[in-house]
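Have a look at this one.
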């Protein structure tokens, strides 16, 4: 069963490599599992997902990320994507003049072997079936990627791409941000439809409410660049009830306890 | 400080004899200055007049560039200037090149090192300072010949120096008036702001002997139709973090041939706002060249023109981005009436090192007559890719829907039109922080429409 | 071969043997450009060769070969004098023009045969060129008529019967001026006077080939007519002349494609294209050029649009060393409409100096200019525009949009519009912007598995997509492919 392993990862902005944002994070995700990382703003959640995907603004200063046992750190962003990594962006880019159909077609084509041509009929058939599944109007495909989209449309477009590209691991960065409850439900249904043995999911979120719709197998609390607490879905509820200050206090307590025992 | 009294009979035209006389009368000035004048005189004579194939003069009336028959006046108007208008830090009033009135900066500003003096006095007392900034960054827009003439013959002009960290709220005012037929004047103003200094300079240019410019006095004495020549130049420098506001307002006689050449140098994190108001002249050419020399530098270039009668207003601008992370914003608005003609030719140049430039340029022509003619040549030359640059140009009449809307509220068509024209100018005037200055310029514009 | 003097050179002495059979013999020093589509030459025997350099003898020679009427020779000789008198426009245009050596250029090369009506009749050496460029296939699929010019003359010219029966004339300039002077002479050289510029004068002196089209009153040609201009010989100057007249209420779409192989020396292409849209007529003129990077492409294109007529230029410039081309419309009749859609892509060592001219000359006329340029590597793209609304007109409108995309840090773009508006009943608007492809957009596409180069290509295609959609399908596919080729090697 493939795994995505994050080992003692340190990440900084490329401009300020001596100021780590992610500070020694460890996490292993297997396909079939849904993990959620929760944490207060500015704790490094988005940095983590962008660094794993290979965003040029970030630099991994130490540690490793392994996909199916192989390090991906030497790979370009597009190679990582073709290796099975999908990032659902918090703020998806607009690509004027490039229709969703053409964009996805280019992305699917990029995954074929050299010299192999995409079967256009089969492609459209599959695209439309995925759209039906996600309850997306077919007119959608002729619109330019994300251009002039509402927040909800952008997120649905991300889910559609995920459905078409069939990644092994999907990193979903604040997929719930900016969505009203209806849009959130639609997005969550999409993810739930794709859940299964072939897909591992890492949900990054600030709020618990997304986890009402996509129920995670594991919940991790991230604070100051690392995972400080892990548990099952009840941890998310506890967090919701007690707030992030509770985590901070617990951390402070255990730190002073550590000092006391030392 | 006025120039020493001389014969009241001026020599005819710009002859070498006249120039020699001009020099000999100023033997008391620094040698470098006299040498610069000599070199400029030679350059003026060597350079040809603009020709039809000169891109910087495209659409200009070249036949109008007739320098013959002008003299350099030695006597000034007998009218005693009447100080009034808005609150000022200090003022210098020139009449036909001579200082006829002057107020000094406060003792407090003086003790902080602020210098505000006529050019002649500054040359004698602060020669090295003047030398450092005089034409340090000459404008490059096609008027080298007329700038040379200015250097050769300039007498009238102001010099303002505000040292580092000194902020002056009230404006410094310089006023140039020109009276007589076939006379010429060559104002040259130099403004130097030290690091983090702040100041406002207002320069008025008027024909007809009225030496105090307020809306009311201008309204009372409409410029006479005397044939006059003006070639004015200024050097504006803002050192690191300085904030300079420069306002130039001209209302020359309807027979004046006028050149005004602005050079603006903006260093790191400095900000210069220049606003030029053009109301008079037969043929009035204005050039403005901003250089963005350090990261964070910003130049705001504004202009308002009321083009009426058969006047030609010829505006040429350059926004040269030399350093990365610099910004500039140009907005030139012309209201065209009667058979007037305007030319706006602007260029944004982004040099190869000036990545992250953000530059904008807009020319708007409000067509108020069926016989007015607007030329617009907004240009871009971009040699760096990580930039935000755009320009726009519109030439159109008053929005008919807006006009109707006002009429539907019971406002008569003339008043509606007046309101919409003033709204057209307000976008620019709004950028002035000084409310008195704002009101003064608004009144000047309103007066131009009343005629 | 000596340049001919006043006498006609013997036709059998001219043999062009300098050009090899394949592209592999020609060095291409420019990196990152694949002009592979057009980059091949075949050894061709020319029966008529005016030699190198230009003098009156060359002009008489061309006129003689074509057995022209004396008024045409007079027209040519007068134009030659104008050409000599006119200065190079280097006071506003690039100094690179001074590198054209008019003495090294060959002004006329042909096999001396009439254009064939079927591909089978076209000599093999020329036929295989056009087959390789896919012309016969396109003709079968979607064209109403094709003319294929090889160096100075058309090798093939055919218009489908259904169109011919409607009275449509579609032939080359020589034949048109000889067989139908009553139709064409009236407008020939009238939209673009000989002395318009130095290169229109040069064309008027030595023109050969091109398409002359007449569409009778009310005839709407459903499928496009196409011309293909092929330069085969080194140091050659191609000077085709095109005149399209759409009579009242007629409609026609004309498309031209242009290619040349890469040579180490420069080649000159200097065409004159005149369009006449009479009352209520519609002309759409589409150009997709893919010149090799040694070609000076200096073309004058202008249309005249009468009452209620519409002229639309779609001009797509890829390749060449220097292109200077500003398609124009003189809006001569009330409510006439002119439009220029311009796409330019300048790669390393290339300068695309393109734009549009809209001369309003009647009330209630409308013009639209949309120009998009892409500068790659050290490529330079320049937009020049003229919008002119003179006095005493009412209700004219112009809208101009210029967008430039800069791909690399040292790419360059310039914009020089000139707008003249007289009067208070017009609405004129010009907007221009410069941008680059954002890093975030590239990363987004990379995250979906596209390489950086593919992402860049997609972004560039997206940038011009709204314009490309106005092209006929076959041309938009071709254009996309050309852009992909040009974008290769632009990143990394």
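Lettered A, B and C in written order, each chain numbered from 1.
In this text, a contact is a pair of C-beta atoms (placed from the backbone, for glycine too) under 8 Å apart; a residue touches a chain by one contact, two chains touch by 3 or more.
Keep in mind it's a predicted model, so treat the numbers as computed, not measured.
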**Complete:** Output for shared partners of subunit B and subunit C reads none
**Prompt:** Measuring centre to centre with C-alpha atoms, which chain is farthest from subunit B?
**Reply:** A
**Message:** Suppose every chain is reduced to the average of its Cα atoms; which one is closest to the average of all protein Cα atoms?
**Reply:** C
**Message:** If you tally contacting C-beta pairs for every chain pair, which pair wins?
**Reply:** B-C
**Item:** Distance from subunit C to subunit B - Cα centre to Cα centre, in angstrom
**Value:** 46
**Request:** Give, as an integer number of Å, the spacing between the C-alpha centres of subunit B and subunit A.
**Result:** 58
**Prompt:** From the C-alpha centre of subunit A to that of subunit C, how far is it in Å?
**Reply:** 50
**Prompt:** Could you say which residues in subunit C touch two or more other chains, in rising order?
**Reply:** none
**Fill in**
Counting only contacts in the complex, subunit A reaches subunit C at residues 53-56, 76-78, 80-82, 86-87, 89, 92-98, 102-104, 106-107, 110-111, 144, 161, 165
**Complete:** Within the complex, subunit B is touched by subunit C residues 91-92, 391, 404, 406-436
**Request:** Write out the stretch or stretches of subunit C touching subunit A in their complex.
**Result:** 438-441, 443-452, 454-455, 458-459, 461-466
**Prompt:** In their complex, what parts of subunit B are in touch with subunit C?
**Reply:** 53-55, 58-59, 352, 355, 365, 367-397
